[in-house]
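You will see two complexes here that share subunit A, one where it goes with subunit B and one where it goes with subunit C.
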Partner chain A sequence: MRREAPQKLSDYGPLLFPAGMLIVFFVIPFATMIAVSFFKRDPAGFYSTAFVFDNYARFLSLFFGKVLGFSLFLAITVAICCVVIAVPFTYLLSRARRRTQVVWLVALLSVLSLSEVIIGFAWSTLFSRTAGITNLLVAIGLMGEPVALNPSFGAVLTAMVYQALPYTVLVLYPALVRLDPTLTEAARTLGASPVKSFFTVVVPALRNTIVATLIMVFIFALGSYLLPQILGRPQHWTLSVLITDQAIYQSNMPFAAAMAVFLVLVTLGLVALTLIAGRKGEAA
Partner chain B sequence: MSGLALENVTKEFGSFTAVKNVDLTVPHGTFVCLLGPSGCGKTTLMRMIAGLDLPTGGAIKLDGTDITRVPTHKRELGMVFQSLALFPHLSVGENIAYSLRIRGTGKEDQKKRVDELLSMIHLPGYADRPVSKLSGGQRQRVAIARALAISPKLFLLDEPLSALDAKLREAMQVELRQLQQRLGITTIVVTHDQREAMTMADTVVVMNGGEIRQAAAPVEIYRRPADTFVADFIGMTNLIDFTTDSAGRVTVLGTAVEGLAAPGGLARGVLSVRPEDVHLTAPGPGAIAARVTFIRDLGGTIETFVEAGDKQIVAVSMPNARPDVHVGQEVGIRLSPEACVVLKS
Partner chain C sequence: MRDILNVTLSRRGVLGAGMAGASLLAMPSILRAQEKSLKVGVYGGYFKDSFDKNIFPEFTKATGIAVESVAEPTGEAWLVQLEQAARAGQAPADVSMMSQVAMLKGQATELWAPLDMGKIKNGANLIERFVNKYPDGRVAGIGAVAWYITLVTNTGVFKEAPTSWAALWDPANADKLGLLALVSNSFLLEVTAKTFMGGTGVLDTEEGILKAFEKLAEVKPNVALWYRDEAQFEQALKSGEIPMGQYYHDVTGLAAADGHPVRSTFPKEGGIQDSGCWALSRASQKVEEAHVFIDYMSQPAIQATLSRKVGTAPTVKREMLDLTDAEFAAVSSDIEPIIPRYDMYQTKSDWLNQKWTELIVG
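Moving on, here comes the complex of A and B:
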């Protein structure tokens, strides 16, 4: 349906409420944070108004560079794992019977209702030596004795994928349901096996959806700060962990704000790069 | 045996039987139309031939080999879907070359075959266009070319022309038939449009309720329908109940039809008379008494509706034989025995 562009000022009326909410709850806090990132820390109190680049300068070190690199690497790995698992799963789900679909979707929604803390402690129990899944493997004779699987990178990755997977499936689900089922049937009549038709028709036809989902999971994973602390070693801590540490435990608000601003900029840059690459791929 | 053979094919969905004990032979190189109202099982039958649905009973044989359980992608067929199912992420040329790419054909050979097919469907030079930029008729042709790329043994089309407007549809019917004759490919089309079936098919298979009611040449189906369903479904017809009198003559609406005897001593049944075989004359002995109720003059043909007893009968005539009648006039109907088809009721 084609609609006329707004003519009068009053035509913009419906935008007022969301615009107001965005200003009060996003623009003002974010602007405050940018301002604070240039303030000077006052070790005796909180911070004092100033305009210095100290916080950003302190950030430009090998240590924080490594943390930033690891944070991005972790978020990208989580995003790729989630999409690789969720696309085939959601495709099969969308082709299943109605009842099966409802059961799965309810189960996924119930995972969403779990808080990050619960997920973290549940996995740390599952990965522990005393009560973990390795005890099961010992019981069925696959392992000699139980071992602790955390803290480790694998434990952090598993829990974060577990946490992000329901979002991934729910974002992919509508697109896969809308995908014309005769497309894969056509591919099969043209000589493609079911697996081949999945990779030559379903995945390319959903390219834009998959890219959008990757970006969404990436940003979601970037903000995770509890799971790396619960399940990882200090070298597995993300920038979000350090920001929390600086803001809450070191009371260094200006430095925390500077790191947060920097993280937002890097994230926006990466998303823009992905979109540009996607557009180029489409034109080719 | 060369060609496709369906033996006692049945498909049940739970307690519902979509296709019931279908036997059909399609000799190599023939054009068959599966025709019937929606829900008659024609699409299910085609999907079983394609391998997209598995029959619950019976066997499907191609050139003597049982292919009932052979998966779709190994059947070497070409199929055009009602939605066309062109791949939106591929260009025209890539769509057509899809089956070749899947089979690992070289890039050069792919390009050659695509160019060949594009000129066959009168769209040369369209290879690099996105499918979203094509008109309905062009998409139709691309879907046909894509299905024919590997020179399949079987060419299946599921309501292929239903999305086109009436004029384009008629033109495509002729084109499709000529293409099939040129390639000599065994073709099966599912349609609910009897005009389409009559235009294209060597054999029309009329289906209803999951069963084949009649499978014969188009003219045969029209002139000699096997039962009242076929007579009523194909073209316009007048179905008139009859009884047999003591002398064995067929009697309709109280008047005996001269020279028409019911076969096998049928005591009662239905007479199918095509509107163009209904001749209006002056009322008199030997003619069925009727009264004109409505005249629809379409220019090309004139339909005269008359009422005999409580039965409405339609007569169709050409403008050069325009009946000289007006609404309300008493007329007589004479039926010639060769124009009547005697059917069981």
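Moving on, here comes the complex of A and C:
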């Protein structure tokens, strides 16, 4: 295939559709959100056009700081758990027979077809006292009596990792399939054990992919608001839950928008930091 | 700025039109009576299904006005949608069933078209508090239905029905409660005030409200679930996973009638009585039809049908109804109800919401 830089204006034609979609469905709504975040809240009604910082001022408090901190902590934990599970899994999968790979990938794709609501309710049943997995443990004599495993942090984390894992595997899969098998073969020939060659050859070779995957899962997990609500206690509610409360139940659009803008800014900041740190590490 | 707003609104309009079109195709009965029609917003799910089955066909038969029912979300999402649509001169529904807080908030922006009581003869049947008025006396809405939130228990776990809201505070009930997650729909401040502080009058002042918050904080260790989604708690209540809490009297009664081990109790302090109003969007073109509809819905016979078929408490005076004592008890109670302090949620909503969120999340 020949690749050439676009010569004429019409060569940019194919870009028009995606650019248009991006503007209509991302740029305009996002700009609206930023604008609304500066509007004046009218507690008795809705909001009026204005330019005030009240909404941001209300957010800058210890209480919301803690909620934001928890949301980031939860998203980072989910990202790390997913990558720790998915990298070895995908590595083994990419070395498996074609048939096995197809079966696993189809299974993972089918998990993607489940909505967050279904995942949430399914896990809340699995974690329940009356019908949950602890009943199985009681049946085989490992536990005295069934207990409720939710609401708890563990329940939220489990369900969120479950939800994000298929994405993680699907993002890692192409990179691992393309990984040159001679690299590990060389390591093995030189006397490294399979585990050692995995950590000293495969993982460093995939460094950029792993960092990109961590960021993707982190952002994916940051937006979660249903699972913390269904499976967690109020202290496990993420900032997204409070944003929803403000937008939907309190009809306080300006404050909800301000919180959302803040969340986006903090997220972009963290991503930028990660990328800068990664580049420095590469240079060293 | 206005342009940006308009673009998003028209996109919403397109989506709405698409959905309305889809529902038109799904319900050919509407296409037949094209001349006179009315779009009526009712809470989606059980309410909408019951109205579609038991109320709207009879109304169309009696008046010749076709009803297209629109499923509206609970909470204030519908209010926001109505308001934004009205700003663009559109009405996603002509008449909507609205909560009392939503009525007050809609009044602040003149969202509700004033109703002409001369055209609503049956309005005289209503209990006085179910006529929602603007501060200057114009009628903003007419009581559609009322319902109770009561103390519910799983009969397998609690052999004896509790008699007082104080049961929520009982240390023996640690991790056993399911309560509504929002200050504006749980009405737990009113419950606290009525149960421990001699009445909801103490909520007049911020000091009184803070005292109620302090008392309410004591229930936190007992709460296993703060729910926004009703289905979530109902399921847990039926299975006994979360055996006590606050829930809707009518729905609990229906679940018990279906054989589930649940019961609804009116505590001695009274059940929480909440209600919905019929309100007309100022953007609606169907003013005549809307008045006919609201008048029809205010007839004692229709209110009795609603109580029997939908399970709501009537908004017209009891002596005008032909409900038997058993039928009345299934939807209501003679115990003086706890009436929510809607004014508080309108004037102090952000402050209350902040304190409430800090209370349960913190």
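Heads up, the rule we're going with is that the second predicted complex is superposed on the first by the 279 of 284 C-alpha atoms of A that agree within 3 Å, B and C clash if a C-alpha of one lies under 4 Å from a C-alpha of the other, contacts with A are read in each partner's own complex, and residues count from 1 in each chain.
Throughout what follows, a contact is a pair of C-beta atoms (placed from the backbone, for glycine too) under 8 Å apart; a residue touches a chain by one contact, two chains touch by 3 or more.
Worth saying up front: this structure is predicted, and the values here are computed from it rather than measured.
A.B. asks: Looking at the overlay, does A:T182 come into contact with subunit B only (first), subunit C only (second), both, or neither?
C.D. replies: After superposition on chain A, A:T182 lies in contact with subunit B alone.
A.B. asks: Tell me the contact category for A:T168 with respect to subunit B and subunit C: first, second, both or neither.
C.D. replies: neither
A.B. asks: Once the structures are superposed on A, label A:L242 by its partner contacts, choosing first (subunit B), second (subunit C), both or neither.
C.D. replies: second
A.B. asks: Please work out whether A:P204 is in contact with subunit B alone, subunit C alone, both, or neither, and reply first, second, both or neither.
C.D. replies: The first partner, subunit B, only.
A.B. asks: In the overlay, work out which of subunit B or subunit C sits against more residues of subunit A.
C.D. replies: C
A.B. asks: Touch test for A:N55: subunit B only (first), subunit C only (second), both, or neither?
C.D. replies: In the superposition, A:N55 touches no partner, neither subunit B nor subunit C.
A.B. asks: Taking the complex as given, what residues does subunit A use to touch subunit C?
C.D. replies: Counting only subunit A, the residues touching subunit C are 24, 28-29, 31-32, 35, 41-46, 49, 58, 63, 66-67, 121, 124, 128-131, 148, 151, 229-230, 234-235, 237, 242, 245-246, 248-253, 255.
A.B. asks: Please output the residues of subunit B touching subunit A within their complex, sorted ascending.
C.D. replies: 50-52, 71-79, 81-83, 85, 87-90, 98-99, 102-103, 146-147, 149-150, 156
A.B. asks: Once bound in the complex, which stretches of subunit C touch subunit A?
C.D. replies: Within the complex, subunit C touches subunit A at residues 1, 4-5, 7-8, 11, 73, 75-77, 79-80, 83, 104-105, 108-109, 175, 181-182, 184-185, 224-226, 228, 232, 236, 239-241, 346-350, 353-354, 357-358, 360-362.
A.B. asks: Using the touch definition up top, name the residues of subunit A that touch subunit B in the complex.
C.D. replies: Contact set of subunit A toward subunit B: 180, 182-183, 185-194, 196-197, 200-201, 204-205, 207.
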